[in-house]
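Labels for the chains are A, B, C and D, by order of writing; each one numbers its residues from 1.
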Amino acid sequence: MSNLKKYTLNEIPHYKVHGRTVPGACPLPLFFNGSAVELNVSGSELLVDLEVSWQNIDIWVTVEVNGELMSRQMLTPGEHCLCLFRGMSAEPVKNVRITRETQAMIEDEDCCLIVHGFRTDGSFYPVPKGKYTLEFVGDSITSGEGTYGAKECFDWIPMYMSYSRDYAKMTAEALDADAYLFSKGGWGVLSSWDNNPNCNIPSRYKQLCGLCCGPKNESLGAFQPYDFSKRKADAVIVNLGTNDASAFQQPAWHDPATGQTFKQHLNPDGTYREEDLNRFEDAVVSFLQMLRECNPQAHIVWCYGMLGYELSFAINDAMTRYIRESGDHNVIFLQLPNTTEETVGSNGHPGELSQRRAARVLTEYLRDYFSRTNGAAL
Amino acid sequence: MSNLKKYTLNEIPHYKVHGRTVPGACPLPLFFNGSAVELNVSGSELLVDLEVSWQNIDIWVTVEVNGELMSRQMLTPGEHCLCLFRGMSAEPVKNVRITRETQAMIEDEDCCLIVHGFRTDGSFYPVPKGKYTLEFVGDSITSGEGTYGAKECFDWIPMYMSYSRDYAKMTAEALDADAYLFSKGGWGVLSSWDNNPNCNIPSRYKQLCGLCCGPKNESLGAFQPYDFSKRKADAVIVNLGTNDASAFQQPAWHDPATGQTFKQHLNPDGTYREEDLNRFEDAVVSFLQMLRECNPQAHIVWCYGMLGYELSFAINDAMTRYIRESGDHNVIFLQLPNTTEETVGSNGHPGELSQRRAARVLTEYLRDYFSRTNGAAL
Amino acid sequence: MSNLKKYTLNEIPHYKVHGRTVPGACPLPLFFNGSAVELNVSGSELLVDLEVSWQNIDIWVTVEVNGELMSRQMLTPGEHCLCLFRGMSAEPVKNVRITRETQAMIEDEDCCLIVHGFRTDGSFYPVPKGKYTLEFVGDSITSGEGTYGAKECFDWIPMYMSYSRDYAKMTAEALDADAYLFSKGGWGVLSSWDNNPNCNIPSRYKQLCGLCCGPKNESLGAFQPYDFSKRKADAVIVNLGTNDASAFQQPAWHDPATGQTFKQHLNPDGTYREEDLNRFEDAVVSFLQMLRECNPQAHIVWCYGMLGYELSFAINDAMTRYIRESGDHNVIFLQLPNTTEETVGSNGHPGELSQRRAARVLTEYLRDYFSRTNGAAL
Amino acid sequence: MSNLKKYTLNEIPHYKVHGRTVPGACPLPLFFNGSAVELNVSGSELLVDLEVSWQNIDIWVTVEVNGELMSRQMLTPGEHCLCLFRGMSAEPVKNVRITRETQAMIEDEDCCLIVHGFRTDGSFYPVPKGKYTLEFVGDSITSGEGTYGAKECFDWIPMYMSYSRDYAKMTAEALDADAYLFSKGGWGVLSSWDNNPNCNIPSRYKQLCGLCCGPKNESLGAFQPYDFSKRKADAVIVNLGTNDASAFQQPAWHDPATGQTFKQHLNPDGTYREEDLNRFEDAVVSFLQMLRECNPQAHIVWCYGMLGYELSFAINDAMTRYIRESGDHNVIFLQLPNTTEETVGSNGHPGELSQRRAARVLTEYLRDYFSRTNGAAL
C-alpha cells in the first residue's frame, strides 16, 4: 500500500455527490440514506477516509464496485480508512460508490458521517450525471426500514434500514437516474405516527437536512436553506401519508414541556373525523404548494399504499383541491401495491420484495411519463 | 359410448351455474364470459349437449377437468355434443367445468350459447359454493380482450378474448370464490370509448344481461330485471373508466338516425373540460348509488389503471362525493398496475402477464379485507 | 364465408410440414405429436379440412396463430372443417399452424389424422425453414404425457399428452429450429416399462412411423423406410432409458401367444444384475450406431433424468463404449433435472414446469454447441 | 457498552462451529469459506473478538442475524472487535452467525482468521445441530468465485468470492443441514487448471486444512490429520473436474526448482489423449476410494457441469470402474446446469443465479435421497 496517494476530496478532479449537499463542501457530510460519493478511478487499490460519529444510533455504509454491492457494514465512531477495493488490475477504470445506508437520525445529535478523501494508486475520471434527477420524499418506507432483518424481528434499529434495498435505488437504477432522498421514519405530512405535530416532513423540507440535529450537524450546514436551483429534480416522488393514517389510531401526543397536545380522531364508527381529515388534507395541499414552489419544473408523483390504502381518498381529495386551486396539472397519484405476508420484511415494514414491486410500478410509470414528455430535456 | 345416459340439465341432481342466470333455467343460456356449468361427476366419459348460434361473432368455450384447462375452442353454429372427457377411471369423481370464454356480444343478435344437458356413464355429486361471491363489472379488460394472440395483432376478434386468462378468474381461484362477470369491451360509465352515450354499463346493469340483443336472447330472459337477492355478492369489483378516458381523445359521436351527438372535450391545454369531467363524475356517483342499491351487503372496489391512470383523480373525486353524500364507507379505490410493453397482449390490451399482476394486487386486497371483516360470514 | 376458396394441399403453393412425412403426400397424414402443417396466409378467414379416425384412442390438435396458442381440442372421428381464424383484417399475412397434439398410437389401428386441404379468402406465402432441424426420439416424456391435467389424476389418456407443453417444442422455439418427434409412451431402448422386448424404439426408428399400426396407417406409408437424407437433422436428441429402468422393477413379461418371456432383473441387494445391465447397454450402443448411420451429420445428445437418474452410469458406460469403438465423439450425455413434487404433472409425469426446466438446460446446451460449431451451416 | 461481559470462546457454554475444526480449540481458527461460529444469544448487544492476519490476500466475513445477512466486509490485519448487533430488545434470543466468506488461501502464508471470543450483555443458549451434515469438496465454484462482482470484471480477488451466495450454503439451508466446505480455486482432482500436479485436492483432503500454508496455520493445527469420525458426513458432495478439463487446454507446467514438468494433452483432432484421460480417471477412482475410506457412511455425489460438460464421460467412466471394483453403489453422478451469459458472474465464473440453479438440482436430489434412505438416522 506504500504507493497510495492520499487526496482530500477537493483535490480530486472528478467525483460525483449523490443526495442533497453543500456544493463543493470538503470534507463532505452524507446526511441521508442514499447520499454517496461516486468515483470513476483506475488503479489497483482505493481507500476512503471517513469520519464517523454517533452516541447511540449506529451508522451503516455500503460499497459498490461497478454497480455491484460489495460490502455493507456498521461503522463505529472515529476515523476510518476503509478499503473499497484492492488487488485489482490497475488499468481499467472502476466505478465505485460509498453510500450512507441509514437515514438522517434526529434521535442522536452526534450522528454524522463525513467523507474526507480517498487514497489510491490510480487516477480519477469524470462521472457522468444520471439521465434524470429524482427526489424521493418519504418516511420509514423510503428510509428502507425493514429491508434487512427477519420477518420475526421487531426492533427499531439502523441495521434493518437501508438504501441498498430501497425502491428509490431500484427506480433510479432502472431509469439511469440520480436519486436524492429526504426521508425520516415515523414522520408524516401533518404529524408523526404517534401524533407529534412537530414531526412533519414539510416543516423541514426547505432545509438542506432538517432531519438531524445538534451543533455538529449545524456546523456542517444541515439547517441551511437548501438551494433547489442547483440540481433541479425532474420528478419529486412523495411517499407520505402512512404515518398520518397511523396517528388516527394512536393516543394523543402530549408535550410535557409545553403542555401542547395533538390528536387525529376517529369517529365512533371507525371513520375519520371530518375536521381532522381536513387538517390532514390541508397539510397535503400546503405541501404540494411548497414542493411546486421549490421545484417548479418537477413532475410530482404522490405515491401511497405500501403499508395500507387508508388515506387514498383523502390524498386524492387534497390533490384534486390543489389542482383546482392552482391549475397545476403536473401532479399524479400513484398507488403502490400493499405489503403482504409474502413481501413483508422486519419490523412489520416492506421487505425487499415489496420494495421491488413498488419500484417496478413507479419505474414503469416514470419511464412512460418521461418518454411522453421527453423529460430528459427538462 | 353405447352405455352413456343422456340427461337434460333439469334431470341432473347436482350442478352449479357460474355467472348471472335465470335460476333453474333449462336449457340454460350462458350469457357472459365466465358463465359456466360445473359438475362433480363419476364415470369414464362425459359429454355436453350445446346449442350454439351466431351470425358473425363466433363463440368460444373452454373445458376444465379437475381445475386444469383441457381445451379451448371456437364453436360453430348448430347443435354440438362435445366430449369433455373419456377413457378415465370410472370411480373417481371428476370436477368438470364448461365455460363461455367470450363476452356477451351486442354486435350479433343471434349470438348465444345454450347448455341443454350432459351424457355420461357416471353419477352426479354436489358441487359446493365458493367461499365468496365476487361480481366483476367491466369493459374489454374484464372481457379478457388481448389475453390471447400475439402482441403484433390488432384485430378485434373473439379469439383474442377470454375468461381463462382473465384477472377475474385468477382472483376468484386464489380466493376460492365464485366469479360473476358483467363486462363489455368498449363501454364505459358515461359513454363508449368513441363517445356513444348509449354504450354505458350502468344503463344495462340491472338487467340479467343487457349486453346482448335480439329476440332469441330476449326469449332467454336476457333483458329481465336481474334478481340480486338470489346469490348476494360479497364484493363488487368495478373496472371502468378506461373507455371514458378514451372518449375525451376521440371525435364526437353522431347518431344519423336521431341526429343525436355526444362528445367529451379536452381543453386547449390538454386537460379535461370541467363540465365534461363533472358529467363523468356524476355518472360514477350515480352508478355507485345503483351498485349499492342492488348490492346492499357488498364491498365495492373500484379498480382502475390497467390501461392508464388518466381518470384516477376524477374517479376518486366522484367516490369521495358519493361517500360524503351517502355516508357509505364500504367502497374503496384500487389502482392496478398499468400495462407495459412487457405485459401487453394482442390488440393493445392487457396480456396474461398484466392480468396476472392485476389479479395479485386485487387478490391481496380482498384477502386482507375478508380477513378483517370476516367476510365469509356475510 | 361464401367467398372462401377450397384448396387441396397440393394446390397450395407454399406450406411447410413439420415432422416426419412422405414428401409431397396429399392428403397428408400427421403421425406424431408435433407433426403439423404451417402456413403463411393472408385473408380474413382460414379453415382446414381434416379427416379423423380412431376407435378408442382420441386425437387432439392445437391451432396457433402468429406463434400463439389459440385452441386445443379433441377431434371426433369423421371429416372436420375446422376454423383456424376468422374476422381478421384481410391484408396482413398470418402465420398459422395446425398441429397434432397426441403421439402415434399403436394401441388403436384406426388412429390417424389426415390433412386434406384448406379454405381461405387469402393467398399463400412462403414459410421459411427453421434455422436448425432437431429430431427428438423418446418415450412418454417426449410425448408430453402429464403436461395437461391435475397432479391428482392418474389416468392414461390422450387428453393429458401434448406437444404444446413439450420440451421439444420449447427448445425448438427458443432456437428457431424445426422439431421432428419420434416418441412413444412406455417404450424404451431395450424393452417397454413392463419388460415387453418388442416395445423398443430402435426396432421402429428406421420406418417413417413404426409407432402405429393397421392397414390404414400402412396405406399412408407409415411403415415405409424413412428417407433420412431429405431433411437432415442437425441434432438428434434422445430421451430414453426411463422405461428401461422401470423394467428392472416390474414383473416379467409373458407373451401368451408365443410363450416368449422377458425380464430385467435386480440383484437381491437391489442393484442391477450385470448381464441384464449389459443387455441394456448393448442396446444403447446399437441404437447409437443406428442413429449415426441414419444421421451421419447430426450431433447426438442423449438426455436423461427427468424421471430419475437410475441408469445414468449405464448410459454413460454404453456411450463411452460406443465412442471408443467408433471413434465418434459427436455425442454427448446431458442430464436433465429430475421432476419433483413442485414440477410434476398428471399421471406422475413431468408437468409443464418440469418440461420447461428441461428445455432450458437443453436449449442452453444446443445454443452453445451450435455457436461453437457454426451448426447453422451444417 | 459498559455492561458488556467479555467471554473467551471456551467460557461460552453453548456455541456451534461450522466447518472442519479442531474440536474445542480456543481461540478458534476459521479455515474455510463457510466456516463459522453460530450462537443463540439474548441481550441487546453482541460483539466478536477477532484476530486477522494476511499479507496480500484479504479476508472477508459476513454476519447473519436470525438467518438474514446483515453485513459483509473486508477485515484488515489486526485485532477487531466487531459489533454483530446492538440496540435490540434484550429478552428475545437471537441466532447469530459470523462466517468466513473467503476460501483458504495457500497464496498467503499469513492469511488466517481466528475467533477469540464474544462480548454481550445477554446469555447463551444451545444451538441445535443441523438435520444432516454435508461436506462439499470443490474448486473455485465451491469457493463461490464470481458470486460477487460485475460480469465485466475479470480480476482474481477475494472480494468476488463468497460463501454467502454459494450453492453449498443454499443447499444446506434448504435441507436444514450443516455444511462443511473443503475447496480451493484452480485446483482439480489430478492437477490445477494450468497443469500443476501438486495442486490437487486429494493430496490435501485428509488434513484438517491442507489448503493453506505457513507456520502460523501450522501452529493452528491446519496440517494435522482430520478426524473424520467426529462429525460424520451424511453426504459428501464433490464438485471437481472443471480445472482438470482446463489443463488439457493449457500449456505444460514447469517447476523451475525441480525441473518437473506436467501436461494433459489433446490429440490433434481435439479429443483427449487416452493415456492422459486415463491418468485423470485413475485420480478420480483413487479419490473415490479415499472419500469412502474417510467417510464410510456417506452418500457420495459427484457434481459436474457448472462450467462445462467436457469431462462428463470420463468422470462417469471412472465412477463406473470404482463401483465395479469396489462393489460400492453408494455414489452418484449429478450433472449441474452449465453457466450461461444470463447466469454468469464476475471473472467468468458462476454468478448467484447459476449457483442458485445448481443448488436447486442438488437440493432436490438430496431431499429425495434422504427421504428414500431415511438419511437423517444415519
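In this text, a residue touches a chain if its C-beta (ideal position, glycine included) is under 8 Å from a C-beta of that chain, and two chains touch if they have at least 3 such contacts.
This structure is a prediction, so every number in the text was calculated from the model and none was measured.
Of all chains in the assembly, those touching chain A and also chain C are B, D. Distance from the chain A centre to the chain B centre is 43 Å, each centre being the mean of its Cα atoms. The geometric centre of chain B is 39 Å away from that of chain C, both derived from CA atoms. If you average the CA atoms of chain B and of chain D, the two centres end up 56 Å from each other.
Taken as a graph of touching chains, this assembly forms a single closed ring in which every chain touches exactly two others.
If you check each pair of chains against the touch rule, the ones that pass are A-B, A-D, B-C, C-D. By the touch criterion stated above, chain A contacts chain D in their complex at residues 56-58, 60, 65-74, 76, 83, 85-89, 148-150, 152-155, 157-159, 346. Considering their complex, residues 271, 305, 309, 312-313, 316-317, 319-320, 323, 329, 332-335, 337-338, 340, 360-361, 364-365, 368 of chain D touch chain C.
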